[in-house]
Amino acid sequence: MLETIFIDIANWIRNLLGSAGVPALWNDTVMMLVKLTAIIVFILINALWLVYMERKVAGYMQARIGPNRVGPKGLLQTTADIGKLISKEIIIPKNVDKILFLLAPVLIFVPPLTIFSVIPFGKNMMAIDLNIGLFFVFAIASLSTLIFWIGGWSSYNKYSLLGSMRVISQMVSYELPMMLALLGVIMIVGSLNLSEIILAQESAWFIISQPIAFLIFFIAAVAECNRVPFDLMEGESEIIAGPYTEYSGMGFAMFFLAEYANIMIASAMTTVLFLGGWLAPFGLTFIPSWLWFFVKMYVVIFVFMWLRWTYPRVRIDQLLGFGWKVLVPLSLANIFVTGIGMYIYRALGW
Amino acid sequence: METCIYNVIAFYMLAAVILGSAVMIVAVRNIVHSVLFLAACFISMAGIYLLLDAVYLAIIQVLIYAGAVCIMIIFGIMLIRRADMKESNLFNKQTKLAAGVVAMTLAVYGILAGKTAWTDVTSNVPVPADSLDKIGGLLLSQYVIPFEVAALLLTVALIGAIMLAREVKADGDN
Amino acid sequence: MFGKGLVKGLNVTWKEFWSKKFTVQYPDEQHTKPPRFHGKFQLNSDACIACGLCANACPNGVIKIESEKVNKKKYLTKYVMNIQYCLFCGMCVEACNKGALRFTQEHDMSQYFYKDIPLVFVDREAPKPDPETENKEKDDDKSKKAGKAPEKEGQ
Amino acid sequence: MLRTETYTVNFGPQHPATHGVFRVMLNLDGERIVKAEPVCGYLHRGVEKLAENRTYQQVIPYTDRLDYLAAGLQNQGYVETIEKLMEIEVPDRAEYLRIITAELSRIASHVLFVGVYALDIGAFTGFLLCFRERERILDLMEELTGSRMTYSYARIGGVAADAPEGWLDRVEKVVNDLPYYFDIYDDLISGNEIFQARTKYVGYLSAESAVDYSLSGPTLRGSGIDYDLRKAKPYSIYDRFNFEVPLGENGDCFDRYFCRILEMRQSVYILQQAIEQIRETDGPIMAKVPKVLKPPKGEAYHEIESSKGILGYYVVSDGSNKPYRVHVRRPSFVNLGFLDEMCRGGLVADLVAILGSIDIVLGEVDC
Amino acid sequence: MDNKLDSVIKELQEKFSEIKVSEQQVVTVPVEQLTSFMQMLKDEYYMDFLTNVTAVDYPSDKNQNGEEDDEEDKGTMEVIYNVNSITEGYTLMVKTSVARQNPKLPSMFSVWGGAHFQEREVFDLLGIIFTDHPDLKRILLDDSFKGYPLRKDFQWVGGRK
Amino acid sequence: MVTISLTHYVMLSAILFSIGLFGVLAKKNAVSVLICIELMLNAVNINFIAFSKYITPADFMGQIFAIFVITVAAAEVGVGLAIIIAIYRNNLPVDLDEIDWLKW
Amino acid sequence: MLVEFAMHHAWLVPLIPALSFLIIVFLTRPFEKLTAFLSVSFMAISCFFASLAAYGVFNNHELAEHPLVYNFFNWLSIGIPGANELQINLGVQLDPTSAMMLFMVSFVATFIQLYSVGYMKGDPGFSTFFSYVSLFAASMLLLVISSNLLEMFVAWEGVGLCSYLLIGFYSHKISAREAAKKAFVTCRVADFGLLLGILGLVITFGTLDIMELNDKINNFKEYTSYGTLTLLAVLVFIGPIAKSGQFPLHVWLPDAMEGPTPVSALIHAATMVVAGVYLVARMMFLFDAVPAAMNMVAITGGFTALFAALIAITQTEIKRILAYSTVSQLGYMMLALGVGSLTASMFHMWTHAFFKALMFLAAGSVIHAVHTPNVWKMGGIVKKMPVTSWTFVVGGLAISGIPPFAGFWSKDEILVATMNSGHYVLYAMGAFTAFLTAFYMWRLIFLAFYGKEKPENHPHESPWTMCVPLVVLAVGATVGGFFGMPWNNMWAHWIFFGEPHHAGHVAWGAMISSVALAVAGIYLAYRLYLKDTEKVKARQLAEKYQFWYQLSFNKFYIDEIFLWFNHTVVDGSAKLMYLFDIYVVDGIVNGLGGFARLTGDGLRVLQTGSMQNYALVFFLGVLAVTILMAFTGPSAAGLVLGGVM
């Protein structure tokens, strides 16, 4: 019952529409819209919650208790903040490229929202079951680089420009090891379909068979999300807030929330690729699959936050050097070892 | 061939976006805007590829063109700083002449495209569903030498680009 | 071994995550201030003899005193501390022989309007010198002095 | 690295990493620093001029406001200078109380440095954890002096007040707790490989140039020069304590940072001895000094080892009750002189690390 | 004070006859010999650490109000250097005085790099010009500031009422 | 029912190609010319893929060719930008109008 | 089960060292101990697999005639599929010969690596060295098991590359760099011949697969003529000439001693130099089909054996003596092949690998200890370094052909084979070489290990990692020959070409005479260099035969001859060409150029220099052509375009 609750709801709507005499084509369209809307709402609410969670985690790790005034236990803190930010003036400095300056915070949410349409939240729970889902995720994710850059460039501020150049070099450099790391997984599964990747982990999660790939992927994901220890883009002690420096009000809030949306994607992808997605460990199948997915995802998100509130920030040359000199060769070696391992595995027929 | 009204609508919308942004790329005076229009153009081109059942190419298009080529160009622009970005993308002296040539090219192209009897060669076989497998297989069997050559080309281009853009040592003591 | 420090760091934050929190919910609960806390000033205007030692001791010229001679005695008519300039060094309190000026534990001195900031301890008219009571006051003065001395020692 | 045109970035005056209103004019080539010119004075209050119009005691609160993070040391420096000028003998108990406040101030300042440095490098949690410990020290100081930061505790000839009941026990408890927290800092900050990567071999300062540029304090000792006035020219009663002077090896940011951590451990050691000894010392806390101080004509220069380096006071007296000239040799200000050379060729992020590692306080720099 | 320092000062007196030594072992050096004297301190007596540079203004009348007209002022300014020796452990105060009308003296930057900022500060607050200083400009005060605040005749206009 | 045929794609490609060509011939900025060359290559790609779908759907010749075109385009942009940067580095103009060293 | 696995996955044997190479290069280079452990253990695993595979092969008699060949994937396919497609597979050929080699190479390599752990300790290039050695072993093993010529050639070149890297390992020394270059260039010259041979084989027979070639060459008349085949055989033989140090391209081998000693042992004793012999052995069917080529091989081998031995008797550097001895022994192997005895050749290769590796390692150990390579400066080492010395003596006995040590059996086998085939002159040369071998080897031993101790030397025994390989190899050098005694004839039973030899036929005469020659050589050395403590007689002899001594000492001036050739002939012809070039060719070109310049001066107005301008015109042209072709029909267009389209 719980397991299929979302699918049941979808089917119910579909039947309802069908019985109302809506043609099949339109029915599909409406269903797609419903699904995507659900995902968007989910992400937005989650982003709000994640801001709260981050502040709570930070507080607890720093011997304080975090927000606790607005709403029960401070739950409505982010909502209040957003309310405040919306009501604030969006300051547009002189000489900025006005259109791009305003466009960037709007566009920044597009890639994460798009990516979420292919992520399987549970058994048979994905908006679009794309054949090359993994590829799709990376293709879309690479777009956000451009949008960060737009924000930074259009601000007409040297710190923003420095930050946006950092974003580009950082995200471009870490995309490579990230994909190369995943090649090991892809080789084992033989498919780019995310649900197939999950199903291939039935016997053992890939974190066990591909630990190096997991490590590389995770590090690269942290870097792609611009999180500590790779948060050079913001680096508030160096370049104030990087591309966000000139943003105020809702523009800033959009960037801020988008960061959390990106974290969600990173952790969802980690879950899907290495932690068995919605598969239940130890045969605990009475807990619905989507719940498992969220549990795993939140564990990964917690690790993200844990890292952030523990580590200092690396330097730009160290960051790039680490990416190119350590992660890329390591991921290549991983591919090589995986290939040999697979060959031996098949040759021996174990 | 399944024809769906969505496809038609999508085609016209995408074509409008592509052509619109292509015109803007050429017309806009700020080179950065030009690049951003280029990105928009590339992404909608991916949509066209989807319509053409080339899913893999659509993704490649986004990944390489929008994700890599655009960023590379932006990097290039950032390295070539100029005083006023706003006047960075102007027309040159032979614009009118060029317009004439282009108009003629377009006319010839159009006439030829209109004249050709496409229906004769069109086959009604649908594109196989597992295109990714097929392309992968072909690339590594029948087209393996071009594939390797392309890899070599990329390596050569990489090295060449690095050599060209390498820091020029001033006085040799830097 | 590379990475040992990273793991140790994670361990520290993990332990802190579960440790006791130090936050004090300020308006609801408040720290207790030590007795010597340099808080808001308090002037016992009855004890003050308008000698001006505090004003002289102040490095920043915060204290303004006006007094009038009433019945051969200084009568404090105005005692204002421009607290916005105060360094809270405590020199004035130290200087006061009579123990009239003291610190309290109150620390919230913020005001909505600028003009409300100065602490006006005394702002009064000097009483008319009354020849009738003049003699009487002389007597009072004596008795007061006698009574004051042990009080000061108590401080 | 691609070479681009250099361009100027104003690092500050309002910037999270400058620890106050302070500006560094950076000439950048990409992210590499070509020139870093410190621009200070945004917090200049003319303390030296103000002091010329105050009596000798009235200057004390102003010294608080120079290095507001370690005010006890500043008071001590000034007061000892005047005592040197007037040749006053200070009672033992007062000396001990001064030293306890001074060393507590030093720890408070260094703890704050550790936290802020971690924040500069990007670790936020270390910052807040360090504040937790600093607060405990400040609570103690509040109990003793009534203020948390600007103590104005020392007086010419002694100290303002004796220690309250049980205060020494509380100090002892805090002091004994501190090494545990230092271990936490070592685990969380010093031992962290990223932190080390950011600070090791960054901002190299050779021993020769450190001496040449008159740098002092942990900045100097980080380069391996054993010069701590508490040991080299013991003032006050420092010759009664047993402690070591920690030294760095490489002269990089990490050494400067780690010197401070080690120095705190030594301060704890000094404090333990001081508390033990003060318990056996009774007596007055003030020497007999006249109400109105009129030092004889003359001058005095006295320097002490503050948390930032050598803090010197130069006072000229013309025989009146106000000093004719007061000059403060501020360690932060002098240490800043070498910033440009240290930064040159580094990245913007290195500037933050270097600036943090020389531990400036803008109140002191700008006087 | 220190026997070592005593002997050093004696040696110095032999080498430079013009220097004066006060009771507190403060050495006063004429401006002309300052650079060579300091250089010798550094090279021969290992006084490698210049702790402090400052200056004091002594108008002729010592009238701190500075009311008399400046043109006839015959006052002096004293520049004070405190030099330490890390290796030998002694410390020396060196003074020199310059005419108030034309306060110029050679910079010590060539001897000790530490003089850089401190001399700039002295210049900033007292208006003493250090010739050969690489970058002599105001450091604490604003570039547009008029006058030198630590001179005794400086009059501050403004402030709180 | 309106359908989309091969002609549509070919015409789209033609217009795109012409716009790109115009850019190549008439823009001053070298980077801009590079961008326009990308446009032209993309126009070609549309043709390739359209032909692949409509004429030889089963053997993917067009798609594979398009892949190679994309590869070459990426390489070309890299080298092209490097050349432009090298020119700029030597303090020479980047405006194509002023680059005439091919002249005798 | 495991044996089966090893046999069917023999490609793992080269792959494992290759893997260790990659791991060392990419990951463990900074960690020296880890590198050493990894490298040695990987090599040991490889050796384990190899021995399993060899065991499997020797238990399966069928494989001697029908090798186990399997291709694990299609590497290249050139040409039109189906028609004349040339399929080149990455394959493995496992027969007794390759199995023996596989075992031998991996075994020797394992112990040499173990030895290197001690030898290279403290060297800044420690890890690099191990990576090179691993790569070298991988290449050599691949060469051994490859099933087609192209694969073999790739491995061959890999071996060449590694030898270049290893010889030039101490690249700070000029001599090492020069030696590396010399080795590389010499081998490349010869490899060109080999490559031509391989290409010729492909063109002629359309295949590179060794087994297929075997079948096709057996009836080569269908494909080509006798003359062509001879040419091909000679071309193929050019490669081995250089690689196996045959006259006259042996010059690189003695110089190659500049590399670290383990390298000398590995490359120049056991593995790389025998690659050439192995190639000839593999292509035996080709040579067998052409008697002329066969004779050439035999004569080259025999001459090289004698020639090198003559040089060796006067050399003074311990490693050089060993190097010339190697050349001489390789000559023996070639000789055996030339007279048609694959068995004897392979057998000698097997025994030689043990005793020569042993001697090189021992020599390295000695040099390591006394810090000089000059034998005259050594002496009496036996007391200080017993293990090294005694193992060296074992090697010396083996190489001199004293029964029952390994060398005796194999050398005897070669001599017998030579005599049986009727090459009496070659037999005489071989026998004399045997005498010389015993003489120079014992000269070395007596000079270096016995006699008076030199006071300036302070030798000490080497660490265990260096001693263990010595002992193991000494055991090998002692018992290694028992496989091929004429009584049991196990060897011939397995490794043969054509028909296996049969046991029972013991050539006592040859045996006794060779032992006698060896003993005579040893005795002569004893008289000259041990008995005569002042070496007076030796000096007198050298004085007396000054000319011959100088000739031998200077290696018959081969290097100088090459230099002279280069300077006079090559440079001279180049000069002639130059004159032709500047007067005749340039004259024409300049004339044309002058004309062009005149024309260009007139036309240069058209050169605007603007790239876009050119593009505009270019597109106009394209447009014009398009219009022509599209609207006027192909014939008119063809007319205009001059038939281009």
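Letters A, B, C, D, E, F and G mark the chains in the order given here, with residues in each chain numbered from 1 onward.
Just so it is clear, a residue touches a chain if its C-beta (ideal position, glycine included) is under 8 Å from a C-beta of that chain, and two chains touch if they have at least 3 such contacts.
In this text, all values refer to a predicted model and were calculated from it rather than measured experimentally.
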Checklist line | Most remote chain, CA-based centroid, reference being chain D | finding: G
Notebook entry, point to check: Which chain pair is joined by more contacting C-beta pairs, A-G or B-G?
Noted result: B-G
Notebook entry, point to check: Among the chains, which one keeps its Cα centre farthest from the Cα centre of chain F?
Noted result: C
Margin query: Using mean CA coordinates as chain centres, what's the gap between chain A and chain C in Å?
Written below: 57
Margin query: Using Cα averages as centroids, what's the distance between chain F and chain G in whole Å?
Written below: 53
Item checked: Geometric centre distance via CA averages, chain D-chain C, whole Å -> 30
Checklist line | Chain centre separation in whole Å, for chain E relative to chain C (CA means) | finding: 43
Checklist line | Shared-contact residues (touching 2 or more other chains) in chain G | finding: 612, 616, 619
Notebook entry, point to check: Hey, what residues on chain A touch two or more of the other chains?
Noted result: 61-64, 309-311
Notebook entry, point to check: When you check chain E against every other chain, which residues touch at least two of them?
Noted result: none
Note to self: Looking at the complex, which residues from chain F come into contact with chain B?
What the structure shows: 1-12, 14-23, 25-29, 31-32, 34-36, 38-39, 42, 45-46, 49-50, 52-60, 63-64, 66-68, 70-79, 81-86, 88-90, 94-97
Check: Okay, in this complex, where on chain C does chain D touch?
Finding: 2-6, 8-9, 11-13, 16, 22, 33-38, 57-60, 87-91, 94, 103
Notebook entry, point to check: Inside the complex, what are the residues of chain A that reach chain D?
Noted result: 58, 61-64, 158-159, 162, 166, 228-229, 231-232, 235-240, 309-318
Next item on the list: Note which residues of chain D are touching chain C in the complex, please.
Entry: 54, 57-62, 64-65, 125, 129, 132, 135, 142-147, 150, 152, 160-161, 164, 184, 187-189, 191-196
Margin query: Which stretch or stretches of chain C touch chain A in the complex?
Written below: 6, 9-10, 12-14, 16-23, 25
